[in-house]
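Got some structures for you, see below.
The same subunit A turns up in both complexes below, where it pairs with subunit B and then with subunit C.
Showing the complex of A and B:
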């Protein structure tokens, strides 16, 4: 009962089937809060899900088998593919969905695929949000020819010429490449984002080559043709997480392992990846200006959009445009939508079944399905997700993202860069803070993760939850380290352990808990100061010990631990740490503050703390009462300096 | 029945394939499109289940609508579908015979007025002959006519082209190429080819004609008016012929026609039957009028200044 296509496929098993791996999860959260309910690959780009563009591109290139790898919201992707045309028997392309809940990166996906042994020949590695109209078949042919001649060519990266500053160059990946001119082999690849104004190239790139070209005018199309060895290499190297890691690893080892990566320039065709919100904007505009022909609205959906001048795409069913409304340029109006009187729309995409009221100005906005815009609204560059409702006279400024189902009350101004959502927005700034800071993007929604709360008339706005993952482990570690140090010091006193051994114990604790030197300095100082209190009255506050009593207890401890302290406080920085710790502790404990001067005096005498550092700390110290307490010591110190200075001169 | 399921799946596949090829621009000319469409319709007629002419016509119509929607600017698809529908009606009428016993002249205006009581709905199944075979036979005839169309036109070449004439042509039309090569076997003449930016098909035609020992000159689009005074005839091909006799043709044809009119140079258009279309396009805003492709052949994507419509990048 096999149809011709299936028979065809079985015959092809012996020869090379063209395969593709689509990674349908981006492992980052650029599209929060929109991706809290739908996976990124199902977000609509000009009213068609992103995944459809990628699959269309692959199928029209003649790929026979596509593996879609999903992690987040995998069930939605599965049902989408089942309902699509690729699951029909008549489809020439077989799409298989692979779900894996615990993959965390592209590398993990490839390791999984390698483990499942699904790849039989050269495959296309692509993410689920790529829009392209390239002739992949020809590129794959070239790759295969190159592999015939050169066994070690394991990957062909596809790039396109776009000058620096071009809007399609995503700010996050700004590659600079060194290419061998004859053959197109990549010798060096570096992501320049955040690298500053100087770039370093290893010399082996230039040695023994005919001609090397350095390129900064290429934009990464984020699709590559890989040989089956690539999956194995990912399995061998567990720390390859992203494709960039892999490329760098291969290039560093290319003299040793001999694997080579080649470059294919696709200057005449279009390929771009929707990596973040500003790229969403850019790729939408490219589709509307037909750079992605034939992936354009009037051809992707069985001719349902009509194409008119100035890139106006109107769906042919049930679109109502009232009198006086103006669609200036680059506008898509989806099925069943109505536009009210005297409304201006420009550079925008309106989804299905939207209702736009009268006198509305929409400029550069992306409205998804079912959006209701009241009369008199002004909507600037933003995304309004499904079922958003704007009551009358609402102004939404540039860079906003309004998530599913939000209702924004009448006469409201939503300030620029706001994210609005009905469900709490997980704040991932702790993880992505570095990358956000380095993106030199225009103040776009992607970089402004500040979710301000707006009291909406309709429903409540979103909340902000801090995912505090980072802080707790180090804090626990520091506490445990501190407890261990205290323990060691106590034992040191009780059992009269030698100072060297105590130093060893403290060091091993440091390595065990991965504590930095600075923290160690601070905590050791604190430990020494806290010991008398603990030995005196358990956890009681220092009120129990009066300054004289404290000094009595502290002095012998200081004497005992002097070698330890001098071991750690050798450099000026560490001495400063010690002083800061003293200050901090004294602020909390008044009796310690009282004896601080004597402590400093002792430490100075033992040459654990130097004059310069003490003076430096004293001038920087901001607590007036503390300063007054140590004032006698400081004045003595200054006189002592002069004396010692004059002493030296006299000698 | 499993066989018919398999058939229908195969048919769907074929339709999908044709649609995709149309969308991605895999065809090189309207002849190829017409040919593929006709073969596909023949498969549909042979492969689908139908009991009478009405069902067959509905089936052909639905498939035709799907294909037409993939690429509205390709009128030859619609033309072929209409021809198949017409021949189904004709064959039906012929097989049923005429109950009045008159000559089967099918629909004439006179008959429409006199026989207004009888409306033909083509739903009576034909039992005496194998209707399917008859229809397929007729489709094969159209296919043969299609394949020979260019040759049939070329056979008239000698009547139109005389010795030592200067002929101007534009772009690369398969029909005109055959036309000129046929005439060149007996006559010596000179051909001026307009190259037609941005695809420059005229240059390919020039190479081909030169291989056939024809004296060829290539000129740019801007030189048309200047050269027109020295031209004896203009012979062009066309993409389709509209209902009002207008042409949807390669860009530059209008300029050539205006120049020819100014210099009173006769203009001949070589077009096969499958290009005649009942579509009436009067405005460039109509969907079937133009095919808009990617601007990459005109604008350089890498060049930022070529993107005029984007708002300033500091937003």
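Showing the complex of A and C:
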């Protein structure tokens, strides 16, 4: 069998070999801290590493040669491939791991591939987190046919229908496409994530052709058939970082360069990417309910799982179910696991060698290998990574992630959305959490996993040190920017620099460190507040200044910087940023909290903050202490408002 | 009858001034029949027994006379509007609002179309639509058709129409000129209609079925002038805005707010629909999403029917060339060469041509893809191709006319050669003249342009 396959491969002409490039790195940190020990593609999805789904999918489509491109934890991926069925002689598909530590993006990968000259013909470009059962072979055929007619068709993107709001539409991209109805050519591609309420489309796209379909119901599977020129184009355009950059670049220049991208709609088949924790949840459920057939546990691991009614999958070896335990539906129990008496499990995946005690309730949870759950625990929708131990009567509320090796003490309640880890977690993204919360206008909180970084790690868990006593650490760039702003402001006071020159300085720092406008608003506010403390001698003890002293210091600073503040806080949004920054700072510094009302009053009088914005912030503010501190000012404001308000009404 | 029919025949033909200087647009002949006959004939074929015809005061008599000569059984109610006020189609409809008792079908006099109207009505009924419009691709030949007269860059008047992929609900509408570099769409609309097909190849046939409430609404809104340009886009837009609820605050009893009548106050709620909404646990009732304003604009797209608006010179010319084909499909027995015409046996008249009553065609003359009007006099050895000769015109021997319009009672002297020319009513073209791309009209009329 083996020699036959090899022979067969030799007989093929060079261009008949189907190649695929698997990008095994996500270049983001959505899965931290779970990806601290393993790369994302090796995280278990229904007890099988994610990468195996992608490779299975490619091999079943008749791909001859697969390049797995990895950088983070490359050695783990290498050894995984070595031990897998694809390294055996019987494999029809040759999997090669390419390691490159210095690539930072998909673009870099393809440039590297182009430099190594690995691609000989049309190839499949796919990320290592795709679970799909579509007929890739047919799609490749179609692509080749099209390319014979149309030389400049350099890419076929595969997309799947998913209406807005559908759970398989992962929140990270929100694409809208304009497609020529006649032929399926993509004319315009736009990721509308964060694009606001109105979407803009170039008019000429619609005028040039009779019928153009605008699709908001397609989901990108990050799966595309590319011609060899794609890799070259990445080399020619070194600013292409992601595939989206590439697609946008090609479409903008399509009239000049003539290159075209086509769409293939795979509507009747399954395809999804595990891009974040909520997609992990969605895809796992889809596998359990067999949408991904034949990629289901009883078939992927060749007979090691039995499949029973109500989608109950039990490993054939060493699974012990005690009397009275109930597996209601959509449950997988891995090799060597035991389930105690009167335990109830539903919609969950239990890994290998797990021990689940008596009278436990598990609903919608993902337990990886070696997890121990004590008696009487209640586990809601969450992920418990390898070797997590829950002692007796622990309650894990929905949306928690418990990282490798954490031990949660007895009778503990872990509140919803908690993230537990033994190693410190750096918040790389300064305010994505806020943004996501804002965009989540739909009511599907059911799929949001822990994104808030609480450091309540229970009794037994190792200590994660509180990183910064007062506030969350800004990202590196933001931190440097903050230092620059502080410097500028200090100098502004010491040397009496004019306000508009200071604005120029701050602006240039903004560009130098590439901070967003929101970050700028927040950080500038904070800098002004922090200055009195620094001037008072070191920031080690924030409470060193008494409130009256602080106000004495702060007042001239506010007067001095008022033009700067009014320069930045023109819109309601930016004013709200300022207020939030004030709030955040006051929470960490009691003396600032004490003078907050006065600061607000001053800013209001200087017309830096608008009345409506202040009221809006006040109603949203959740800190009762702070609210009571500013209460006198708010009452004063309301009274003033009523006076002026009655004038307006009579009009 | 379920619908009342209104034919808008008061257009001044502003896109073809040279032709409409002496005759009103509705009476311009197409295949020797006044233009307004075509929509009336279509209504008649669909089973309408009466129709309201809106005409200009000055032309009322002429239209009445012209139509009484055509064999129409449909009962016509002429309503005239003042020439001096520049009234649009919506203004006209507003004027006759008190005559409208039921849902109404509004059709323009320049629509030449063989669509089965019941198909349009079906769309209207099945979606309980507020307005249903007829959309059609341009038939062959019309896109590239050029009218006579000086060569000028054609101003394209494409419409961009966005239809929901599944049920052809109109989601977006506007003419090319309305949009700047970008088209902006609300995300919420895309969320509700995630699959929109945007057409630039379809034209609005100016054939609408409207609910009675639309006419009532129109009566209260004097600012809306035209149906296509203003009313329809307004309704399309209002589909997605929600009713303003006027809540009177209980503390403030002194001010009693009178709810301002708006577009929604004219939408009478369907009893069945309301019952369905109350009893349903889902927010959808049939295909009608309960949320929203209750205004629904739909389109019917003809697949293979012929549909053209003859509101430009080019379209009017091309229609005359293709009219024989169209008439064959619409009227079972139609003589293309009138029995009272005197056609010399040695003259050639093509199957795609028409010769009107009492016309004479001289020896060895040839008429191809052309219309010769009533009582015309075509001399010997005259060659006419792709042209339209209106009533009582004289073309002397040896002339060569190609792609021309010769106005009524015009006189073309011997051996003139005209190519892509327009000769106005009662104009003379001297013998041996050679003209190309020219317009021959009264000098004082030219001043107006």
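In this text, the second predicted complex is superposed on the first by the 425 of 651 C-alpha atoms of A that agree within 3 Å, B and C clash if a C-alpha of one lies under 4 Å from a C-alpha of the other, contacts with A are read in each partner's own complex, and residues count from 1 in each chain.
Here is the rule we go by: contacts are C-beta pairs under 8 Å (C-beta built on N, C-alpha and C of every residue); 3 or more make two chains touch, one makes a residue touch a chain.
Remember, it's a predicted structure, so these values are computed and weren't measured experimentally.
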Joint occupancy of subunit A by subunit B and subunit C, clash or fit: fit
Subunit B versus subunit C as contact partner of A:217, first or second or both or neither: both
Contacts of A:133 with subunit B and subunit C, given as first, second, both or neither: first
Broader residue contact with subunit A after superposition on the shared chain, subunit B or subunit C: B
Contacts of A:148 with subunit B and subunit C, given as first, second, both or neither: neither
First, second, both or neither for A:181, with subunit B first and subunit C second: second
First, second, both or neither for A:91, with subunit B first and subunit C second: first
Partner chain in contact with A:163 - subunit B first, subunit C second, else both or neither: both
Which of subunit B and subunit C A:197 touches, first, second, both or neither: second
Closest approach of subunit C to subunit B (Cα atoms, Å): 11
Intersection of the subunit A residues that touch subunit B with those that touch subunit C: 163, 165, 217
Residues on subunit C engaged by subunit A in the complex (per definition of touch): 137, 158, 160, 162, 165, 176, 179-188, 190-191, 194-201, 255
Contacting residues of subunit A [partner subunit C, same complex]: 163-165, 176, 178, 181, 192, 195-203, 206-217, 649
In the complex with subunit B, residue positions of subunit A that touch it: 1, 3-5, 59-60, 85, 88-92, 133, 160-163, 165-168, 217, 267-270, 285, 289-294, 298-299, 302-303, 306-309, 311, 329-330, 347, 364, 381, 398, 442, 444
Parts of subunit B lying in touch with subunit A, wherever the complex brings them together: 2, 5-6, 9-10, 12-13, 16-17, 20, 23-25, 66, 69-72, 285, 287, 292-296, 301-304, 307, 309-311, 313-315
